[in-house]
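Labels run A, B, C and D following the written order; every chain starts at residue 1.
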Amino acid sequence: MTWLGVFSQLLEIVMALLLAPLLGGWINQCRAWLQNKSAPGLLQPYRMLHKLFNKESVLAEHASPLFRGAPYIVFGCMALACAIIPTLSTDLPLSPAADAIALVGLFAFARVFVSLAAMDVGTSFGTLGARREMLIGFLAEPALLMVLFSASLISKSTSLTTIVETLAHRELTIYPSLAFAGVAFTMVSLAENARVPVDNPTTHLELTMIHEALILEYSGRHLALLEWAAHLKLFAYSCIGLALFFPWGIAEAQAPVTLLLAIPALLLKLAIGGGLLAVLETLSAKMRIFRVPEFLATAFLLAVIGMLVHILVRA
Amino acid sequence: MTELVGQLINLLASILLMLAFAMISQRRILSLIHLFTAQGVALVAATLVVGYATQQPHLYLSAGITLVLKVILIPLLLHRVIARLDVRWDIETLINIPTTMIIGIALVIFAFDLALPISKLSVSVARATLGIALACVLLSFLMMITRSKAVPQVIGFLSMENGLFFAATSATYGMPMVVELGIALDVLVGILILGVFMFHIREQFDSLDIRHLEKLRED
Amino acid sequence: MIAPHGGAVDPTRWLHLDWILLVIVAWLLIGVAGVFALRRLTLVARVLFPAGGAFGLLLFGVALNSVWSSPAVAVLPIGLPSLPFHFRLDSLSAFFLLIIGGVSAGVSAFAAGYFRKGEGTPPGLLALEYHVFLASMALVVLADDAYAFMVMWETMALSSFFLVTANHRIVEIQRAGYLYLLVAHIGAIGILLCFGVLQANTGDYTFANMRAQALSPFWASVAFLLALFGFGAKAGIVPLHVWLPEAHPAAPSPVSALMSGVMLKTAIYGVLRVFFDLLHTPLWWWGLLLLAIGLATALFGVVFAAVQVDMKRLLAYSSIENIGLLFAGIGLTVLFSAYGMQPMAALALTAVLYHVASHAFFKSLLFVGTGAVLHATGERNLGKLGGLIRSMPWVAWVTLVGVLASAGLPPLGGFVSEWLLLQSFLFAPGLPSSVLDMLIPVVAALIALVGALAGYTMVKFFGVIFLGQPREEKLVQARDAGGWERLGMAWLVGGCLALGLFPVQFIALIDPVTTALVGAGLGETVDDSGWLLVPVAIERSSYGPAIFLLGVAASFALAFLLVRVLYHGRLRRAAPWDCGYPWQNARMQDTAEGFGQPIRQIFEPFFRMERELPTPFDAEPRYRVSVGDHFWRWLYLPLARAIERLASLIGLLQQGRISVYLLYSFVTLIAVLVVVKQ
Amino acid sequence: MTTLYFVLGIPLFGSMVLVFTGQREAAREINVAFSFGTFVATCLLTVEVISNGPLFAWNREFYIDPLNVFLVTLTSFVGLTTAIFSRPYMRIERDHGKMTPRRLRVYHSMYQLFSFTMLLALTTNNMGILWVAMEAATLTTVLLVSVYRTAASLEAAWKYFILCGVGIAQALFGTVLLYMAAEKVIGTEGGALLWTNLDTVKAQLDPGIITLAFAFLFIGYGTKVGLVPMHNWLPDAHAEGPTPVSAVLSGLLLNIAVYALLRCKVLTDGALGSPLAGHLMMGFGLLSVVVAAFFLSRQKDIKRMFAYSSIEHMGLITFAFGMGGPIANYAGLLHMTVHSLIKSAIFFAVGHATQKAGTQSMADIRGLIKVSPTVGWGMMLGSLAILGMPPFGVFASEFLILTTAMREQPWATPFLLLALGVAFAAVFGRVQPMVFGETSVKALRHPPALVPVFAHLGLGLMLGLYIPPYLDAWYRQAARMIGG
């Protein structure tokens, strides 16, 4: 528990909390430009959060304490996720608490609570959204696990910090299994974060919305927390992507000075990643809800083939 | 002297076999009873001859019992049953008479083949008769299978008893006295019970045809 | 009465086995006392069941500190003259006694409050059967010879049969009980034959003798297959599972909690005892077969659980899923120990034993929860429940803990065993044969899918029952759980939480069992890593549930305080948003069938669905879909028809004609004579 | 020595007394008294055997050894309990008008005569007298079965008499051949038919004759045991007679037939040396178990179903003795004892159940537990015990049989597994709706005598968990003696 470790851990959490809405704003801007519309301000998400925090929270008559507690739990989970994923440095005292599988469990924990909260109010939209969210969840979770497994097979460990260290030190060898895992990971993160091919983040149309249906009944500070948690989730997923596939630039324990260098590297990588995501969203149209299982099934199979390829190549 | 006795016993044994064959081919119940009585007489004669040949006093006693039982008492009872229940004819159920005869012949051959190795070892004077006794038993068994009336079935059962009795006397100079008495007692009681049953069946189904007795079955 | 011998038994050690037998005798006495207090409900509910629970606690305590000690043996004078009952307390049986004691304590306390009104059989008789059931389960785990094992095994099946048919006025319950006892009995005969093989013609049925036998691979495989068939029938693996979704829901809730939570574990105990203790030279294809069957059962169980409409059938199918996971874990352990990789086998076995414990606790908690709901509302069909979190908050929050554990979510016990199982799969690629290497990732993928689907099912279970608006009027005045029921539930919740948050201490309990069975354990690496669960090495993988929970709680509290301080906590109640359609009512919520609809769509081939679609001219059109089980149509009904045809064929033998009967004996006589002549 | 005279004398004297007083009200009590007397006599006999081992009587004509001493006690005990059970049963039957005074007289006198013949068959040392006793037992039971004089009982009695008569006749032929072979070795001064003499000299008997003799004896006594091709009389006879008769038939007479078969097997094994007898018994035993199991699944009449269950158990016992070896023989003897106890207990419960429901067809008997818990529970526990559920004794013997079969005759175990499974499915499938569920049965005027039922079930339970040492010693000696 070196002091530097604690400092880098706190720095990482604060950076995550701050950068997450920024990433969201940046992606919306890129998308607007690509669709040659005039883009909203980069800090728009912060203003929206601030507005929501100030508004009064309106609850349904028979909403149970679960409904009121869920936003805080989800926000807590997402904050912990960002704390665990090595975005800036790998010397994180909190990271041994949960390895890759626990991280997937954490996301599942958050998803279950959001779905339960959605079902709590008892309107048809909530339960519809919960059912769809769980449908995507139970298909995406195993795919994500398989992606993390193929990475851990290479580095003989499931703890993210070790994966990053081994991948970062290796000279630039091409891992075919990581290629499969990369494609599968992008498909899974699109589904999990309710991006376009699976679900349109901006829509309120009953037939198509999944994520929006969950947070339909929320308002005021609860809605703010949930929006923030959504941004954090997108930030966490992109950091996992960076950690697995582009680990260079993340500081190690031995070289503290690189910590300062890590922040600009992270910003740069996030910007590129956000841009790519915006391109992806503009290129693809939203799928029918019952195409999603096939979409995620392909992601799942790609991840498993990734593992098989790894064993073939290694054996 | 002994081979004369042996020949006499063989003669009586062959008479018994011939009677058994006759009973298979007979449809009239009245003549069936006569054949049965004849069989009883042959049996008594055989027992007397064996008794005389082997100086066994208790054989005379068992010959006497057989005489009283199988020549006098049982035929009398059967005649009364027929008179009271006026049962005249019997039709065969499973197979007709000629086929029964052929099967009978096959059975006799099988019985002889079976008894051959044993009769060589037998110590008693009437060794060969064991095969014939076994044949009588199997023939009467066959007769019980092919008959459809109650009375012929009873007669078949009794002729089987005769065959067994003959086997006992011919192969082993007769069983110990107490066993002979027990067997005779059992046969007598058996006949009494069967007689009582026939009256009840007659009164229940007003016919002595076995085909009425087929209700207890697995449907 | 007890003649202890065997092993260097120091005086204090003798105490544990004696205490355990004391508890079992106490249970039997409570049962007998129940017979005398046949109709007096209050006496039975307020005195006998709590006493049973107390003794369960005592058993839990004694088993807890007897796991580390060396095996103790006791011989009772009853049983066959040449084979008196042998009992042996070694670490494996102590571990399972721990579970029996722990779960029975909670469930007995719950049962004290549950049996309010007369349920068919008089309460005294129920108490007798309940406590005989507990005693026989404990004795099954202790039995050290084939005869004692079989007697206790079938007494367990018999007493649980009488409990299942507690209110036998309902015909379905009778049919469920019949099916249950039939499959249990046939399974028991299978186990009997397995012991027949294991005694290898020595005529000595004690387990000690069976351990000493070195069976040829052929006979060992025959014993393996028989044991798999026998114990599989009791555990409910796929082809033999049809009785489980019928029997468990039919029983009163505390009994189905015990059956699902503990009785299925005795089947796992049997499998472990035969495969690792008595056969002790596993072949590799055994592991493969177990893995295949386990996965098929797990996937089958969870897919069917997702589409159920009756809450107790849903939990029964989820038990089948968990049994499938356990069999897959055991398969992996057999595979590892067949190739001599003992440390890996120890990891897989630890995962299995951990899942046995956590499933026992959270499944009985869920069943006990449904029991409370059933008693308050009298409804078992999910379509008639909803919104109970408002009228029964206590039961709702307790069941939520069970739901999270069953879904395998991090801070609780379900996740730890799933985590260990996935870890053991990750080390699998070290297996020598390349085909197995290929297979392992696919198996790991399936296990992950099953875990995720379990989450889906549990969200449906909790959401449809407790959340949303009540679908029936009478649900509003449902009473919350009574005092005793809460005590029982609290104990089980404590169990789930302890299993979730203190894995290191619990694995220290499992360590002697794995060293006894597989010759290696996780003990030393796990002990020195304090709060973190580190199965092999720190850099390899680690999981700290306590830190995990603290992290989430801290951020929860921090966010809550900061929002209150920086902004405000004002709150206003209003009608939920109805998107412009004012006549919204409870029927518009998503029903259980609806929630299962995507699963029916994706896993179509699993089900045999009959749809009743309304014609356009129907006065009141009705849509009904019934989800059936392929095994009934393709395996059990043809089997029954074949037996029926064969029986009717044999029926011809008894035609009723006397001459035909005479012909039979005549032909037999001739046949025997011909045979004898040669 | 004198106790043996009492053991045989009391039932004989009883039957004579009851011939005159059979129709009176007190006849039932007299019947119980005589049975009780016989039971006391057999207990004294057992004490004698325990104290000074096997004993002869009446210049070696009677012989008590470990093989038949427990059967004698068992026969008299079950005879006593059946007599106690038949008191209320017959009173109810008389009230229903099915038993006229004349028929009661026949019933009571024949009942005592029947127990005399059984005890005679067990204790005699002379193979001829054994045959005579078996024939006499058949005659008495024919009268007992036909006591109702209905069409069905007449038909059953007629078939029973003809089939068993023919079967027993074969046994007589076998005894004659046995006597012939013995005469060559022992000579003709009358001791040739005594089993003990034959046993001592069995090695020198001529194998040819003995094989043929055993074939006839096996078919003869096999018919009485009810082995499958010759079983057709058993379901009709056991189902149509009054229930006490069925109980005694199923419980005791079948045991006597197996006992006779064992006596012959011992001699044949000694003479032949080859396990021909064992293989024959195993083959027919297994055939009986499988065929009887499939018969069970088609039954509609409750007493016929339990009759077929008796065939199945007799098949299992013959299979066990066929396998031979100390454990299998031990299991066979234990199974004989427990089967007769449990089967008679079931028939007691069935008797009362059928009287309550007024019919024997199982479709009309429902919900016994609600009307009278004791009859309901008696029948449920009885059928569970007979199906081999522990902790009852039947499971103990099935355990030993199946485990030894697994190693010695592994080919037989799949058939056994199938048969036991089908039998369990069939019997339990029908008993459960009868005992549980809504009721349609009316209570009876006279309270049912259920002490016998639970006495038998208690003994069955005891034998499952604890076998008294002296009984165990007998089983072991008898098992060694049967050998093979």
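Going forward, contacts are C-beta pairs under 8 Å (C-beta built on N, C-alpha and C of every residue); 3 or more make two chains touch, one makes a residue touch a chain.
Just so it is clear, the structure is predicted and the values come from calculations on it, not from any experiment.
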Query raised in the report: More contacting C-beta pairs: A-C or B-D?
Result: A-C
**Report entry** Chain located farthest away, centre of subunit C as origin (C-alpha)
**Finding:** B
Report summary line: Expressed in whole Å, how far the mean CA point of subunit A lies from that of subunit D is 79
Query raised in the report: If you average the CA atoms of subunit B and of subunit D, how many Å lie between those two points?
Result: 31
Query raised in the report: Counting in whole Å, what is the centre-to-centre distance of subunit A and subunit B, each centre being its mean C-alpha position?
Result: 101
Query raised in the report: Whole-Å distance, subunit A centre to subunit C centre, using C-alpha means?
Result: 36
Requested in this report: Enumerate the residues of subunit B that touch no fewer than two other chains.
Outcome: 114, 141, 144, 153, 213-216, 218
Query raised in the report: Considering subunit A alone, which of its residues make contact with at least two other chains?
Result: none
Query raised in the report: So which stretches of subunit D touch two or more other chains?
Result: 158-159, 162, 166, 170, 212, 235, 295, 298
Requested in this report: Would you identify the shape of the chain contact graph, picking one of line, ring, star, complete or other?
Outcome: other
Query raised in the report: So which chains end up touching which?
Result: A-C, B-C, B-D, C-D
Query raised in the report: Any idea which subunit D residues touch subunit C in the complex?
Result: 158-159, 162-163, 166-167, 170, 211-212, 214-216, 218-219, 223, 229-230, 232-233, 235, 276, 280, 291, 294-295, 297-298, 326-327, 369, 384, 387, 389-391, 395-396, 399-400, 402-408, 413, 417, 420-422, 424-425, 428-429, 432-433, 436-438, 464-467, 469, 472
Query - For the subunit B and subunit C complex, residues of the former touching the latter - result: 93-94, 110, 114, 141-142, 144-148, 153, 210-211, 213-219
Report summary line: In the complex, subunit C touches subunit D at residues 77-81, 146-147, 150-152, 154-155, 158, 165, 168-169, 171, 174, 177-178, 181-182, 185-186, 189-190, 192-193, 195-197, 199-201, 203, 205, 643-644, 646-648, 650-651, 653-654, 658, 661-662, 664-665, 667-669, 672-673, 675-677
Report summary line: Per the touch rule above, subunit C residues touching subunit B in the complex are 651-660, 662-663, 666, 669-670, 673, 677
Query - subunit D - residues contacting subunit B, complex - result: 126, 128-129, 131-132, 135-136, 139, 142-143, 146, 149, 151-152, 154-159, 161-162, 165-166, 169-170, 172-173, 175-177, 179-180, 183-184, 188, 190, 192-193, 206, 208-209, 212, 235-236, 239-240, 295, 298
